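Just so it is clear, A, B, C and D label the chains in written order, and each chain counts residues from 1 on its own.
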Amino acid sequence: MNQPTHSSLPVDAQMLRDKDALLANYHKTRDISVRMTADLEVEDQVIQTCEDVSPTKWHLAHTTWFFETFILLQFDQSYTPFNDQFEYLFNSYYNAVGPQFYRPERGFLSRPTVTEVHCYRRHVDEHVERCIRQMYEADWLKAAAILETGIHHEQQHQELILTDIKEVLSHHPMHPAPFAGPPKREVQDASDLDWLSFEGGLTSIGRHIGEGEPFAYDNEGPLHQHMLTPFEIACRPITNGEFLGFVADGGYDSPLLWLSDGWAARQNHAWTHPHHWHCQDGEWFQYTLHGLKPLVKEEPVCHISYFEANAYANWCNARLPTEFEWEHASRGYASHDGNFFDCSKDPHTGKVRGPSPTVSAAAPQSLADPFGSVWEWTQSQYAPYPSYVAAQGALGEYNGKFMCNQFVLRGGSCATPYGHVRHTYRNFFPPNARWQFSGLRLARYV
Amino acid sequence: MNQPTHSSLPVDAQMLRDKDALLANYHKTRDISVRMTADLEVEDQVIQTCEDVSPTKWHLAHTTWFFETFILLQFDQSYTPFNDQFEYLFNSYYNAVGPQFYRPERGFLSRPTVTEVHCYRRHVDEHVERCIRQMYEADWLKAAAILETGIHHEQQHQELILTDIKEVLSHHPMHPAPFAGPPKREVQDASDLDWLSFEGGLTSIGRHIGEGEPFAYDNEGPLHQHMLTPFEIACRPITNGEFLGFVADGGYDSPLLWLSDGWAARQNHAWTHPHHWHCQDGEWFQYTLHGLKPLVKEEPVCHISYFEANAYANWCNARLPTEFEWEHASRGYASHDGNFFDCSKDPHTGKVRGPSPTVSAAAPQSLADPFGSVWEWTQSQYAPYPSYVAAQGALGEYNGKFMCNQFVLRGGSCATPYGHVRHTYRNFFPPNARWQFSGLRLARYV
Amino acid sequence: MNQPTHSSLPVDAQMLRDKDALLANYHKTRDISVRMTADLEVEDQVIQTCEDVSPTKWHLAHTTWFFETFILLQFDQSYTPFNDQFEYLFNSYYNAVGPQFYRPERGFLSRPTVTEVHCYRRHVDEHVERCIRQMYEADWLKAAAILETGIHHEQQHQELILTDIKEVLSHHPMHPAPFAGPPKREVQDASDLDWLSFEGGLTSIGRHIGEGEPFAYDNEGPLHQHMLTPFEIACRPITNGEFLGFVADGGYDSPLLWLSDGWAARQNHAWTHPHHWHCQDGEWFQYTLHGLKPLVKEEPVCHISYFEANAYANWCNARLPTEFEWEHASRGYASHDGNFFDCSKDPHTGKVRGPSPTVSAAAPQSLADPFGSVWEWTQSQYAPYPSYVAAQGALGEYNGKFMCNQFVLRGGSCATPYGHVRHTYRNFFPPNARWQFSGLRLARYV
Amino acid sequence: MNQPTHSSLPVDAQMLRDKDALLANYHKTRDISVRMTADLEVEDQVIQTCEDVSPTKWHLAHTTWFFETFILLQFDQSYTPFNDQFEYLFNSYYNAVGPQFYRPERGFLSRPTVTEVHCYRRHVDEHVERCIRQMYEADWLKAAAILETGIHHEQQHQELILTDIKEVLSHHPMHPAPFAGPPKREVQDASDLDWLSFEGGLTSIGRHIGEGEPFAYDNEGPLHQHMLTPFEIACRPITNGEFLGFVADGGYDSPLLWLSDGWAARQNHAWTHPHHWHCQDGEWFQYTLHGLKPLVKEEPVCHISYFEANAYANWCNARLPTEFEWEHASRGYASHDGNFFDCSKDPHTGKVRGPSPTVSAAAPQSLADPFGSVWEWTQSQYAPYPSYVAAQGALGEYNGKFMCNQFVLRGGSCATPYGHVRHTYRNFFPPNARWQFSGLRLARYV
């Protein structure tokens, strides 16, 4: 953060500017979490319907706990915790910090109330502001990186707040619509499914991590060479309409299209269509954060597991791209240029709008929507890059310990906060996960 | 209800008086449900920690649904339901009414909110008032009995609200105290454990059910003769102090004291003491609705399963009474004369007081606390009395279909609303249930 | 056993005669266990398909362990166990003896082999013979009662061997037929369903238990008075044909006919007909120990749970009898006079015949088949009789600790060994048990 | 198989020679399966203790079903199945063939008996011999490849027979020893843990698959280039003694050493040491196929999950090799030169010897025991190589559909049949699997 490149200023002045910029980003990010949940009922924010999802108020508290634990308790000797129990209640999985409240019972936590959680947020925000402002350079060099990590961490939880509340409310037979609908837009036909060709050979994957580099998670590095076989990749994600073809053709009843574990999951959970789809009297609907809506065939298919993505690809004699192919193919596209979640309220209703995946028209021989829209499952199991070393201390638990039985997703979704993803960004979920905004883009060998 | 015995008045005038009395009781009971939950946080009222317990707001809505379904939709042709979905959401187990929302997921119901549930209550209360007032005699003869059943039904749920919220909040490591403590009182030593002797022979059990009789549940009848063997019964319930003796003597590690199913339950759940007890640094505490408090040895032991009650009785070479012995022995004691739950607020704090079991000094050769204090497990499995016939229609599902794998408890507890129980009252729970205010009183053969 | 009433002989001579008689019975019973399993494959005898059923070889070893533990190790100082591990492996549930191998994993016990189990049986039989022969009078007075209990215990396991192997083999899609079919017999139409009336009033239930009395289990006593309401009981059990009426009328889809726990069981297990029934192309078959056979409508319905028996009774506006009514009504019928299991081989094939329930023509105003045929579910939950005291020592665990969440069955079945049951005999199983030869007989109030 | 390179003979003569060779291999392999199970009791061969393991008799039948299904029913028009039910009973997971008997209940299959399974084997062997002998060239070209696959398939099941029976018998508290002990040998100290260095760069991975190539599974191809980072690999596997150091240092109580899923598995299953280890009075023992034996510190650690291997590597600041590093490093070592399972009987006892992992002295700067001894977990999740295409037809289900949530193991174990593995051989198991002979070898970046 304290980069020599822009230090024509004296160190102190530069540090002040850096603090200004980072704290502005901090407060902006923190504020988004508050605004995006402002239209939810208190009752909505308490419920946990399965181990994977957490209550909204837990997310709001946990992201706060992150700053309290890693900034305030590290750098402010005079700070006393807002509540002694919160270290235990809101630690997600950091064994280096201490024991954690049992994850499947986060929905049993009657207290703190939503109101108290907002008090906690304001309390920590004030202390973080003061602590950072008063910090000398030696601490600042360390704290700045953690503060930036905390901001990105909060952005990740903003997406989880959306996917989790969607999951929670979807259990309700009345299909509540907590958010206003997306802005009216022309639904356009999806482009033809064109293919882009790549020659293969050695390519650079990932990026340098560490001091003096722009922010990235440790799992995005080190930068290294990877050998690619010639391949083709589809110009856009698969749409709901195309996926309906798979459904209609008996894709969910054809074990030969599925991975063995995938078929077992399909049987155990009686999957017959993507998550959040409903068939009523022969018409297809999709539960969205603005209620139950007719399925839009032109939009990307969403809320599918890796297993369904993989079966779909087998059905059309294609495959999913590797994460390396994806990264190689998307190089040169602007990662902030997509349909990301933006918490600004609808000017007409004053309400926050729920996210919704879209698909754009692809220019000839170029990728449509590589960023935003839907997370794209890759066929790459989540693994460390060569020479990867996890960060020291508790933050080393952030990424590395999950490198097992998960698949990498790339590109970001309509529920990802604006500005959060990069070309090298590696999201990851178990192959049976369906509650994220996850879709697919096809690839094939030449 | 329209009883000839007090009909010196013309029929119409008598009906008006009956309506006045019953509606007054209706509103008083409905009001208690509101007041007793007024100090709970909204968050508290959403949570379900296991299938047995229901969220507070579910209880508040379900008791309302009862009147909407069995009074308004039966007797008011012009009534339209407050919300079409509520028939499904708040039907507990009445198959004759229709399908029911899946019980283990009541805690997933984000909506209606607590505020909306209170609207629903007020809406139904107003319509019940109007409906009853406008009712002609033919309907009134039917409706009065159902209205009275609904009032008693709501009282049962008032006790469940207390036991369920205690269960829910007990999962929280911070031991929240939603209610004010009980009034200060002198803790007195428990009386000696004296025994009262009874000769046996034929005795009358239960009571007449039906028109012209004061209210009772159908399971309390018919009145019939039962043959008793000579027996003795203890003058008071077993205390915490006495139960500590069982704990200290290894009662929880002695399989020979336990029923086979009881030992399996003790092993599966790792029971080592009554529910809601905590041992911290060698000191015993008990979680109460006014927080974690030192265990009072003089108070009746509470929150034990039938299995624990039975093991304790074996440990001291005694047994539990049958429900027939209990009813025979308690005849002559006033059933409204106990430590029942009373929703009146604490005059000093203005807050509702949480219930707490007590024990009184027993007069010589008489029972202390047969009513109120703790529900007393009997050794009688819950079964129909000879010639029992369940009520017609949906209300026939109220009692009869549960006559399997449950044991009868008698006497009422400190969480039972004042005026709710009778000598013939038969409460019932499965033998592993511990979240009720359940204790024990010993018996033995001579 | 050493009863003064037949002691015109000198004590020693009487004891020798008693020993002769009891040992003859011992060897005859032990021999039946061997013969009845002789046609099974070794593979059949290893398998356990659920916690309730045990492998054949486990039964053969456990009944042997009973005599080794309670006779040889008690009365023969010089005896060393056949194998030190067997105390642990073949103890069923006697906590007073010591810990037990985990019941759900009895099917994981590769060793001892079937051959070794038979060695164990012969070893114990020889030592029991010698031990009893050499025993002096003081020991004999104690040992005789235990030996007799052990014989009855082995008879109970003979029935379990049959029901368990039927359950195990029923999981096989090839429907193996380990036993020869029953003797050819004329299938006769079932009698009309006549009713026998009883006046009610006090009746004697159970019997005296203890020294000088013929053998009975402790749960059959004490003899006591019970008050009966006037009732009627059906002259014969319900037949397969009658039960098909219930199936055809949607009985399995009518929750209002079922107990609450029963409906839950029916839903969880997807019951749509009695256990061991199969519908193939619209024809009904029943799996029997002599293979898959067309359902015989005239035979008693069998392999139903208490829940199904109760639902059936509700369907025809009747009920199940109490065990007291059953005992009262069956007094005067010969308990050895039924269709019991007899291990004698088929004279034509030389093979043991598999048991099969039958129904006889009832004489006017008398019960058909109260004993043998099928176990008849009663509505009585299994509970101690007044003043019941379990036996001292480990054998006190035989009956008393199971008095919870079980229902009493009366009368014995076609799989019960000849000579095993009595008027006062109380069999008991949980209400969801279906793998026994259990059926029903209706009762009703007048 | 019908390779141009050795076809100086006329086609027919060459085909006869090829048939001779392949059938000889067929019969030799089939015979080993019989001999290796000859000392097991019938009872041992029936039991399944968890879904992963199958009964011995199921393996013996399934490998036979493979030849019946893919050779006889494909190439012999006149063949009728030995038993119509076997297609269903012994199909493991080939959805293209048809439905499969429910895997977790293979241990419920009483029939066919072990004796009948051996009849089935002989029947199929005779028909395979005849069928192959009578086959014309067109069929032979297809059948030869399938026959060879079937032989390798049977070898895989030979290893599973050993690991499964070890798992089954390990549940027995008497620690049965079905096989004779390994030959007496000098236990030698393990070599120092030296490291071999490799430079990295592009390397060839895998091999050509298909006609004219020596046998390999489809998952070993295609041959392709992979980019390696410079690395070091340990000269030998980790020993029991070294792993004891991890145990003693609290490795099983240090969540920071474990993957997140690994720590969950360790908690759920209460792992505190490798599978099949036992600590008795402070001494360590290991259950082996020749009984419970003192742990030999010099032997490779075995029966550990990927999670344990990974945690161990973290504990010593190293890591597991990728499968590419492993393949690169092991090139040049003879893959038949290891401690493989050999079914020849012990000359002294005439009994088959149970396998046991060993470690050899490593020559300087070379790998000890890359083949045989223990399967070595790699950090590579099991994934398709670039351009991988599964085989057509049912055999396409052999490998590809398992490429999810499994990790690759390399090198073969002491339970792998002699001649079965190759440099390119990819074994795979889920990361929590412990019942295989699986150990680890360390790697690190330079």
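Assume contacts are C-beta pairs under 8 Å (C-beta built on N, C-alpha and C of every residue); 3 or more make two chains touch, one makes a residue touch a chain.
Quick caveat: nothing in here was measured; it's all calculated off a predicted structure.
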If each step moves to a chain the current one touches, what is the fewest number of steps from subunit B to subunit D? 2
Could you pull out the chain whose C-alpha mean position is farthest off from that of subunit A? C
Chain-centre distance (mean CA atoms) for subunit B and subunit C, in whole Å, is 39
Could you give the separation in Å between the centres of subunit A and subunit C, each centre being the mean of its C-alpha atoms? 62
Using CA atom averages as chain centres, what separation in Å is found between subunit A and subunit B? 48
In contact, pair by pair, are chains A-B, A-D, B-C, C-D
Looking at the complex, which residues from subunit B come into contact with subunit C? 93, 95-96, 202, 224-227, 229, 255-256, 258-263, 306, 379-381, 383-384, 386-387, 397, 401-405, 431, 445
Given the complex with subunit D, which residues does subunit C contribute to the contact? 41-44, 46-47, 49, 57, 85, 88-89, 101, 105, 107-111, 113-114, 168-169, 171-174, 176
